[in-house]
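I have a structure I would like to understand better, so I am pasting it below and will then ask my questions one at a time.
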Amino acid sequence: MDSGNIAWLLTSASLVLLMTPGLAFFYGGMSRGKSVLNMMMMSFGAMAVGVLAWITFGFSISAGDTMGDIIGNPMYDFGLIDTLEGGDAMAIISAGFGATFAIITVALISGSVADRMKFGSWLLFAFLWVILVYAPVSHWVWGDGFAALLGPDGPWFGSLPGPYDFAGGTVVHINAGVAGLVMALLLGVRKGFGKEPMRPHNLPFVMLGAALLWFGWFGFNAGSAFAADGFAATAWVNTTVATGIAILGWILVEKIRDGKATSLGAASGVVAGLVAITPACASLDPIGAAIVGLLAGVFSALAVGLKYKFGYDDSLDVVGVHLVSGLWGTLAIGLLANGTINGDAGLFYGGGITLFGVQAAAAGVTIVYSAIATLIIGLVIKYTIGLRVSEEVEVSGIDLAEHGETAYEEAK
Amino acid sequence: MDSGNIAWLLTSASLVLLMTPGLAFFYGGMSRGKSVLNMMMMSFGAMAVGVLAWITFGFSISAGDTMGDIIGNPMYDFGLIDTLEGGDAMAIISAGFGATFAIITVALISGSVADRMKFGSWLLFAFLWVILVYAPVSHWVWGDGFAALLGPDGPWFGSLPGPYDFAGGTVVHINAGVAGLVMALLLGVRKGFGKEPMRPHNLPFVMLGAALLWFGWFGFNAGSAFAADGFAATAWVNTTVATGIAILGWILVEKIRDGKATSLGAASGVVAGLVAITPACASLDPIGAAIVGLLAGVFSALAVGLKYKFGYDDSLDVVGVHLVSGLWGTLAIGLLANGTINGDAGLFYGGGITLFGVQAAAAGVTIVYSAIATLIIGLVIKYTIGLRVSEEVEVSGIDLAEHGETAYEEAK
Amino acid sequence: MDSGNIAWLLTSASLVLLMTPGLAFFYGGMSRGKSVLNMMMMSFGAMAVGVLAWITFGFSISAGDTMGDIIGNPMYDFGLIDTLEGGDAMAIISAGFGATFAIITVALISGSVADRMKFGSWLLFAFLWVILVYAPVSHWVWGDGFAALLGPDGPWFGSLPGPYDFAGGTVVHINAGVAGLVMALLLGVRKGFGKEPMRPHNLPFVMLGAALLWFGWFGFNAGSAFAADGFAATAWVNTTVATGIAILGWILVEKIRDGKATSLGAASGVVAGLVAITPACASLDPIGAAIVGLLAGVFSALAVGLKYKFGYDDSLDVVGVHLVSGLWGTLAIGLLANGTINGDAGLFYGGGITLFGVQAAAAGVTIVYSAIATLIIGLVIKYTIGLRVSEEVEVSGIDLAEHGETAYEEAK
Amino acid sequence: MKLVTAIIQPHRTDEVRAALEAAGVKGVTVSEAAGYGRQKGHTEVYRGAEYTVDLVPKTRLEVLVDDADAATVTEAIVSAAQTGKIGDGKVWTVPVDDVARVRTGEHGADAL
Amino acid sequence: MKLVTAIIQPHRTDEVRAALEAAGVKGVTVSEAAGYGRQKGHTEVYRGAEYTVDLVPKTRLEVLVDDADAATVTEAIVSAAQTGKIGDGKVWTVPVDDVARVRTGEHGADAL
Amino acid sequence: MKLVTAIIQPHRTDEVRAALEAAGVKGVTVSEAAGYGRQKGHTEVYRGAEYTVDLVPKTRLEVLVDDADAATVTEAIVSAAQTGKIGDGKVWTVPVDDVARVRTGEHGADAL
């Protein structure tokens, strides 16, 4: 047991836990004043039911002994009791670290259902999604010593370079992005979508959220080294480089297209950069990280307008940011990996095109599974307890109707 | 010297320091728009005079060579000069870690005196309370290698199992909760108490506060292992489990009783869960932690209404949250301890009822001392410089009168 | 490689990165409601171009092989590629740690140009300033194993005690403070300066910023030990002591002079204390730290009024806080150093007056260079793309004109 | 000239503004208000406390019109704002001696 | 009918509303305002700068009443709002041509 | 007596208040409003969406004056608020039956 590694993982788990309230502010600030509390409650609710889902079956399905490389044994360690009794500090804190990943991933989806989803239905959705979607996908990618379905040593890709997903480009961002798209389609558009402005009600909160996300993301990316070592340090530097440059990418697009660099754009650029570098943070040199960040900002800045074109109300841009930049970061490994990990270099670093193909295949499998499984969960809830609040509630504000509160009473 | 342990304690001390501003937002958001600054200034003021109290006599009384197992020698290390000169990194940062505990504990009390206490009187109160209440009680529980009055190896309980207080259920939460009750009674109710709504003026701030508290609490609980080891990891996991589930406990009560799950309830559930798991975080398995969290949420959700029944204006629920959940967590060790520490198991884990009795006794002593000592300090201030602002100041807003400011001038 | 040290530096770098968004809130809350976004965007923009400046030439000039003790070789490691490939965790994360220092330093300057600087010009300024001012000065003080120009083993002071600058009193605070003064003079005063109140539009944000700065500053000061050791622990304790007491210093001045202790004063006291202890945190005992903190609060509380006297619009008090307290902390080493480092004690701790003189000389060189270099950069921008927005934009609000946004739309 | 003032439910604002444009009204001034009347406040329970909320948020519209248009404009507002629920609001008309347009200094009907 | 408008100290709002209910007034519209008059602003020092604060927050109440009730209502407001300090505010009455209740479309005194 | 109400551009408030003081007006009540008229909203693009912003923020001033002063005060406001750009606002005058000063209970011109 190396106390330095334990110290870093304790820190990292704490940082990742903070990301979900960070997301609550990022999303809450972007929503309208009459629905900010509901938006934040979806994140806090994800922390509540996410913990429950994780200690019951999520952890076991994700990290338990594999059953045919598909899922961990769901009865592997109910209540994490054996893990804690084992007394191995790294094993214990890793179980906690895993919980924070499950929570933030499902919380990300809430951005696409803003202003209109029943709170009880959200809690149920979040609980089921962690167990049925997050946990299996995380098992495929990271389970069984990277030897489950989508791992670099797994049955499908074992003989090929990759696929690589250091901290969760597929498991977290593509997965949540696809689920967000499905839920946005299932719920339908908000009243006034595409006509009313629906501008962020509190932009400093959006920036606070982006800042807490960036800060917490150091735990996410550099913590995924599971050690305080060179990989962690590399992940830290690349995360900062990509994120800083992604801000530039996003606001440059805005400046050129709309004439003005917005604070919403800067905050969104932060998140796009973080998302894109997540899978790739240990595979790149900083020039590669800068390219990944710059294009993440550009791609996502362009992608957030698509919802108006195609008419899906991905309210707070889960698709435009997490799916698009998650995909880009995952594929970018195939282009820009510098070969540090197993000598597998990307196309522009002297490797062939195979790694790119493997990355694309892993992303594709994740997309398909996430779409189908999320659709099933969503449909079951829709036709049982229902997904959406009434139009009257939506217009007068979901905060008051679902939570009995309004966010601000500053004048009193 | 183990650098991993030092790294974790440096991190933990930083995290606990952040809890007090977190509390400033938790309380500040709950207060009305005309008294938010005063509320936050009580926390920032606690940081100022708390440091002064700690480096003068607080540290020495808390951690100095024991005088009859009752207090540390007040002249043990004035100014922490010997401790720093000793150069032992763990000793130095432990002195800093202790300061952060003293600060947050006294800051907690400010919730019960909201909107109506003179700022100067608060500063004096906080200074005296750290030295005369916090420091001795912390010595009893943790002083002299756990061998002072209320320690597991101390004169009173040395031959029995327990009492256990890993991170401060008695020292911090019961202690502050009782002091809050005494001060609320001494100050009397606010104008309009029980009639006017006095709703939180900014609920996102309440949630921000809860988030920073949770984040900081990892340092509080897992840092109390004073090492990056299995205890720390266990404390981390149990803290997260109890807190997540406590949210559910609180909002379930609200949903059933009032029909709506509020964001204030979720944020309060976070704090109730954190409070309850504080003493117990190293003694439970995660199922025990989940039970402690669930019932902390339930008990505190029910308890916050008591002030209207009994007519004490514990404005921001220091009693309902910290005293009630602090007591519950302290007693829960007697029921649910899994025997990891010294083989002392709780009633439902095969131990006898003795541990429960010992826990109750330690809590009782703390309650009695805290009540009497706080009452004396409060009375002295009341009859010298006075405790309460005028009614006119209270109605027009304490921020303007005591600090010459209003919190928001957004329109300008 | 010691994993505990790496863990602490990973944590410290993350903490320092968080300081810049913290500053965005500290400054953003102080500005008016119509210019808060621009204020925050200057910090976020500093993160974006600061990263770019650092990975291109900033890192190399700061930390590269010295060229005549003046600057590091600008071509030392373009893109940090060699550093990352080297695989030495401490070297890699140190490069990242350095980036966070460069970013916060330039971001500090933005406080003096509030409400009136073109955003594009700010980005250009920040980029150039990191490369041409921050990087060289940091090389002088910390470069080449402390043997460059202003290092304790350098050509100028090698035979004398000092100069000491543990975490950046000269490099960061004096440097940014002087640059802020120069830019305030170059830009000229805001419309209404000295007549309209221009009060902070959101004081809780100011306090949030101060809290995040304090929290992050633990990484800044204790992280500058580059190890989890006794120096780090000492720096941690002294940072907390000085900061807590500085709050008292500032609000005491206010109470005596104006009759009221303000929350803006408390938050400013936090920053003044942190600034002053920055160079000195490893050189003092806690009594020395308390004196440094107390007087930092007093000096800066008095100094922020000077701008009205002399007519420079240092809008958010970069000069009053960073230059004044940065100078005080740097000089205080000459008075209060306890001799722990190389036995070099300050005047009141048995050393002579030499150390004070050396500290003053190092500060003086920094002031002169920073003033001249900043002036040149500022003039070049002024006479090319221009520095200042139109008066109409200033009156109607820079947020709308430069970023197309207003911060709050809470009613919608 | 007349000043027609309307206190309406906030969520009917868009409909009323559309109706005013349809009725040929060229300008409107809008502000926030709160009120009570038949629509008394309701009792709420929050965090264990029971209390009465009595002021309900409303929107105020002010429209300057020619004498002849006052009745039409009033009817346009009434029908667009109506939901039939208690609390729909009031519309009233007061006489105006004079109106001036700031930009041009014109007076009377030309200034509308 | 008449419209009675009152500008009062914010902290007297509850008392005035109680007085209005006692006087039989069935509805009120409330909004925020600021003003100055004899109660000039005061000089403040803040962070080393001295300046004058001149607008003082006030609350505006509007009450539609029958012609006969205007005087009574005015007196009720005056006596409930009075603290005797400068800045207590003003109450004024303007003639109203017509009132409509949005919910029902009723006009005149029935609409109050 | 008369009530002169002005809707003006917010950034002209200081100038108008100075002009009112110069014209001998002793008190003013100020509040926030928004409006549209000839100054229609403009189309904006934000985060890939295009939409129309139609309400423009304005400041409302209310001044109670003697009958004789209404015209002077109106002119004072108009000339101080004028920028010549569309959206400069309106000033209108309505008759007032009575004014009371809350502090003293005085009525009529004495209460101004």
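Should a chain be cited, it is by its letter among A, B, C, D, E and F, assigned in written order, with residues numbered from 1 in that chain.
Note that in this section contacts are C-beta pairs under 8 Å (C-beta built on N, C-alpha and C of every residue); 3 or more make two chains touch, one makes a residue touch a chain.
The structure displayed is predicted, hence computed values, not measured ones.
K.L.:
Work out which chains are contact partners of both chain C and chain E.
P.N.:
Under the touch definition, chain C and chain E have B, F as mutual neighbours.
K.L.:
Taking contacts as defined above, which has more of them, A-F or B-E?
P.N.:
Between the two chain pairs, A-F has more contacting C-beta pairs.
K.L.:
Averaging only over C-alpha atoms, locate the centres of chain B and chain F and give their separation in whole Å.
P.N.:
53
K.L.:
If you average the CA atoms of chain A and of chain D, how many Å lie between those two points?
P.N.:
Here chain A and chain D have centroids separated by 46 Å.
K.L.:
Counting only residues that touch at least 2 other chains, which ones in chain C make the list?
P.N.:
Counting only residues that touch two or more other chains, chain C contributes 2-5, 7-8, 11, 199, 202, 208, 258, 262, 264, 404-405, 407-408, 411.
K.L.:
Going by the contact rule already set, what residues in chain E reach two or more other chains?
P.N.:
31-32, 44, 46, 94-95
K.L.:
Going by the touch rule stated at the top, which chains touch which?
P.N.:
A-B, A-C, A-D, A-F, B-C, B-D, B-E, C-E, C-F, D-E, D-F, E-F
K.L.:
Would you tell me which residues of chain F are touching chain A in their complex?
P.N.:
Interface residues on the chain F side: 44-49, 51, 53.
K.L.:
Can you check the complex and tell me which residues of chain D touch chain A?
P.N.:
Residue positions touching the partner: 11, 44, 46.
K.L.:
Any idea which chain C residues touch chain B in the complex?
P.N.:
2-5, 7-8, 11, 15, 32-34, 199-204, 207-208, 210-211, 214-215, 218-219, 222, 227-230, 232-234, 236-237, 240-241, 243-245, 247-248, 251, 258-264, 266-267, 269-270, 285-287, 290, 338, 340, 407-408
K.L.:
Quick one: in the complex, what on chain A touches chain D?
P.N.:
Touching chain D: residues 395-396, 404-405 of chain A.
K.L.:
Flag every residue of chain B that touches chain C in the complex, lowest number first.
P.N.:
1-8, 10-11, 13-14, 17-18, 21-22, 24-25, 28, 36-37, 40-41, 44-45, 47-52, 55, 79-81, 84-85, 87-90, 92-93, 95-96, 99-100, 119, 202, 205, 208, 402-405, 407-412
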